[in-house]
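In what follows, chain A forms one complex with chain B and a second complex with chain C.
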Partner chain A sequence: MDFLTLTRRNLWRHPLRTTLTCGAIAMAVFLVCTLRSLVTTLDNSAVASRNERLWVQSAVSLFVSLPQSYQAKIEAIDGVDLVCKWQWFGGIYIEPKNFFGQFAVDPEKALSLYPELTVTEGSKEAFLGSRQMVLVGQGLVDRFGWKLGDKVPIMGTIFPHPDGADTPWEFEIAAIYQSSKPNVDNQMFLFHWDYFAETVETASGTAPDVGTYVVRTHPASDQSAIMREIDTMFENGPQRVQATTESEFQAQFVSMYGNVGFFVSAIGGAVLLAILLAALNTMLMSAREQTRDVGILKALGFSDGRLFAYMLGQSFALCLVGGAIGVSLALLLEKGISKAFAAMLPNYAVIPQTIVLAVGITFVIGLLAGILPALRARAILPVTALSDR
Partner chain B sequence: MSNSMIICKDVSKSYQRGGETLSVLDHLDLEMEAGRFYALMGPSGSGKTTLLNLIGGLDRPDSGEVTVAGAPLSKLGSGPLASWRAANVGFVFQGFNLIPVLSAFENVRLPLTLTPLSKAERKKHAELALSIVGMSDRMDHRPSQLSGGQEQRVAIARAIASDPKVLLCDEPTGDLDRESADQVMDLLVRLGKEFGKTILMVTHDPAAAARAERIVHLDKGKLGHIESNVGA
Partner chain C sequence: MWIPFSYALRGLWQRKSTTFLAVFGLGTVVAILAGVLALQQGFEKLYSEHGRADLFVFLRPGATGEGDSSFPLVKAQTLIKSVPEIATDDKGRPLASMECYLAVRRFKVEGGETNVPIRGVQETTFDLRGPDVTIQEGRRFKPGADEVIVGRSLLGRIRNCQLGATIWINTTPFQVVGVLDSEGPFASEIWGDFNRMADALHREDPNRVIAQLQPGVDAKAFALKMETHPEVPAKVQTEREYLSSQTRALSSTLKVLAAMLGAIMGIAAVFTATNTMLSALAARTREVGTLLSIGFRPIAVFLSFLIESLLLGLLGGIVGCLLVLPIDGIRTGTMNFDTFTEVAFAFRITPEVLISAVSFALLLGLLGGAWPAWRACRLLPTEALRRR
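After this line comes the complex of A and B, so read on.
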């Protein structure tokens, strides 16, 4: 108990220095938690994706569309259970900063494809009932304060309205979903392909192509064979395709951000190194000030081992308090960050493994910052320590 | 000498300073009886503090043997030597050497954490030690809130808290005014007489030395002579 009191009082001998060092550690741990959570959120969205769903896109680029005729051909492949059109709309709600994904889909098939979408308000029937009806994620409802029955105008950028580029597409909120898995964005805006196709055809005079097809296979089917068959089927055009599992498709999006893991690790590593040096500096200064105290304690009969543990304990105490504040900050700000990154990175979350990692890092910083002063306290002769002025 | 508490046999100690070897103690032989109050005097550099440190197990001789309370110190490793110090020796330093962030009570209780005493017993022992030195009313004060004389009395309370056999005092009155110095000396004499402590006190102060029963004179690392102080 006396050693704990001594540790606490010594750390508080210079309140400003201790507070600043503790704050720096807290900030570093918070940054590591947040950066790591960005990576795990990206990874989780890919890992959690269901592999019985395949995505078929142009082999050239995601920006190249596929003919509508492909749907029936893919449906005819043995082992394919369902094929749904999935078209990126890319419209603007009021202003560009209100970015979220709008998709024209085959509504009934989309709901069947994604059992992760649980309708929490309104009903599936209401969504299917009229072509201007939309199904929106709870994330969008929270973000924009929408409710059932609200009319939502979306300005088409890629697909302008037939009445002119200044005329918005009109939608009505028929149902709200909550995603039960991190792989499914909680901020999607799903509307009827028929409404989309007719409006586009009216505007341009030609039926639109399809951005991607989402395919569900039979559980017992050989997915690799189905993917090969799809690729081979359209090898001679008019558009070559690439079929991938959903997780691979998600991973493609992640890779669009570059090597996020390396980038984040590099930043996190640099931050940690800087903080380690700051903590080490504090501990060395603190240990230097306590040299005489170490001599006194040795004269009183405290062993070298106890003094080693005592000095190391001070470092751990400093770092663990800082680390605890950092982790608490990361958890407290989780919702705020999730909201801030909602458009780019849905379902941001600080997972338990990240907290364990942060605690581990805190321990390592405590160990590295305290080991030198602790070794010095253990090795110094009592007479040498007592003669320190 | 029978009933010897401290035996130094052929003890030598030297230090390296500026590339030169400085001999501080030179084949010193000395015995001190249990329960006596010794003053150790001599000019600066005569090896008084070095001898005190060797007897207290804070340093080790280059050669020779120091035996205190029956324990040959050179045969003890670092850990056992620390445990031996905790059980057998109390130190009183010129600069008091209290831990500045602890109160007087906490300073006195600190060495008791090395004993098997319960928390309540430690508290009782610390309070008793503070009452012996007359510092019960200042036990919650930090060292910075005490006068030099009060600090030294707390340091003495800390030194006797675990009831060691030997008290080693390095210039305990060196930083004190006359009145405070006299109070500290009264206390040390009392500890020797009432509690049977063997006390070895390094001092330059003839008045302080006069309170001891024996005065050991060192000169250039060798034993000069030992005076018996009949009046003490």
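After this line comes the complex of A and C, so read on.
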């Protein structure tokens, strides 16, 4: 009988106990993978953004907009290629939990600004064609089951409709995009600035300001110089601005989440401790029952080292099977979890590093849970072991 | 006849190392749940316990918070002067104050950015607040001056908040002249003179009005009346109601998180408890056989094992509570999703947290013990006695 068969038979001596322990380890590893993925998804939204895009926003507050006149002034700066308005709309689709970002943009400029957006259904022309048309991300289509030509009503909370706060704004889906980069949100809802501005003006009597401007620079230009120039240009008001690269702009929102990373790591650590104790408990129980077996094997001439490895092997086998189930569970449920977190955290994904981490953790737990029984198995004298009942 | 309670207790004691590991495993799971709940409690109580029931908040009808509420200046002034239910001081001046509010971008000392609420208040605010808002250091800002006082919790967390520093708001420099102390969420805010703030922010309209009402005014009827007021319609709530409404998003997120962690780790913990009880049964099969053969009924055996498992759960619950107790009072800061600003508060191990933790632990013990207890009471005495 070889080593592996012996390990399997011994673990299977108590099928229920082994299954339950494996199950417990699987649940914990699944949880650690999922928590870790939430953090990496949050962090990843801030990296690897395209560099030629700059974001210009109020230096005072996220809730303060900039005058429309700033657009022409920024366009006049040397090295600036294109300036697009980007206005957060903040409306509600049917109910507040269907949260996603709607933006009023200069449609043609937005498309040229974001080559990462590939129109997969409908066409750019249809989107540009008339004022109420929108371009929506595949992520939203999956979430709400929309199709081309659907009319989408959105309640304006910040910007009420001229016919009263109970009347929704009407949009028509003209095109659907797929984002080719993980850092570009596939759940955006882009519509025409002109439609937005005219409707707001009808409702409130004044033309709206602009939340943010997205600026594209010439590839050869000095970006930091351009950012400085934009900041200096409006230093004396009426609204001071801050120009940042796209990745900094996104990192700023991630940093506003504050201690999330720390909380999640603390929880993850506690989960691992709990599961280490469970694995250790099982290994100690199982080792105690095998004391006589160890004695017999030793009497038959198996070396101390062999028995050490054999005991440790059981622990590894137990933990690795549990870990494998946990990782598989995390991967299988990736889509579902992604859907559940769609509103708060688009683009949820389990990255390969997380899987490597999980496997590493499982190894360490296997080692820690098995080392004590393994050392005992190595040290025990055959005669002592055999007299154990 | 019932099996004495001490039998279950001795069962746990006999197998110390297994019991110890199982109790600590359960304790850790319970501690995770309790820790998240302590965070939720700390956050929610900061708002709900420090809002006053005798102070009223007036918002634009339909607004969900002061961030998206706004009154035209003239209307707010009319409201304060003309609504007879608003209380007056001994000189006949209305006990009401206009406030402007904006979440401004600030840099954290440790790096990165966050949003800090900035509040422009009128002098009456301090009369309305009384001892709830005090000056811990320095002095109050002078009316009409470019001066601010900063909340105690911002010191050391947000750059340029120490006494004497200069805070820029858009293009206007404000000098920090005092440190504001308050038990509630104001300790995370920056306060200045209403007119100066409105000027610096280019927003002349106040976001809200706060006021005390004349004694004897029925708050509910008054709120209803103000909803449809012909001149100055407003949404009226007590400050306590208002502040509680500003905690929903984060509070429910944390509760969902606690439930999710509890469910997933709970399954793992139930498996562990089952294992522990199964091994207890295996070690005592002969004993169980003896008990059954001398006339103890199966139900007595079932209950005895279940009690042992519940005890295991209870011990786990106690250990979990002890493990989580040291975090009580630790200060932390997090983003309030409702206001989109960062707020500082402390973890709070409230009775609710402890009760949830212990009940959760007992539930784990119950679920984990059910199957082994069932197995124990179904044993055939003859077979059980034959086992070694």
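The definition used in the following text is that the second predicted complex is superposed on the first by the 388 of 389 C-alpha atoms of A that agree within 3 Å, B and C clash if a C-alpha of one lies under 4 Å from a C-alpha of the other, contacts with A are read in each partner's own complex, and residues count from 1 in each chain.
In this section, a residue touches a chain if its C-beta (ideal position, glycine included) is under 8 Å from a C-beta of that chain, and two chains touch if they have at least 3 such contacts.
Keep in mind it's a predicted model, so treat the numbers as computed, not measured.
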Chain B versus chain C as contact partner of A:292, first or second or both or neither: first
Which superposed partner A:6 touches (first chain B, second chain C, both, neither): first
Which superposed partner A:59 touches (first chain B, second chain C, both, neither): second
Which of chain B and chain C A:31 touches, first, second, both or neither: second
Touched partner set for A:303, first chain B, second chain C, both or neither: first
Partner chain in contact with A:278 - chain B first, chain C second, else both or neither: second
Which superposed partner A:381 touches (first chain B, second chain C, both, neither): first
Contact breadth on chain A, by residue count: chain C or chain B: C
Chain B versus chain C as contact partner of A:155, first or second or both or neither: neither
Chain B contact footprint on chain A (complex, rising order): 1-3, 5-6, 9-10, 12-13, 292-293, 295-305, 381-383, 386
Chain A-touching residues of chain B, taken from the complex the two chains share: 53, 56, 58-59, 78-79, 82-87, 91, 93, 97-102, 106, 109-111, 113-114, 119, 158
List of chain A residues in touch with chain C within their complex: 14, 16-17, 20-21, 23-25, 27-28, 30-31, 59-64, 157-158, 165, 235-240, 242, 251-252, 255-260, 263, 266-267, 270-271, 273-275, 277-278, 280-282, 284-285, 389
Chain C residues within the chain A interface of the complex: 17-18, 21-22, 24-25, 28-29, 31-32, 35-36, 39, 62, 67-68, 102-105, 108, 111-115, 169-171, 201-202, 261, 264-265, 267-269, 271-272, 274-276, 278-279, 332-335, 340, 342, 388
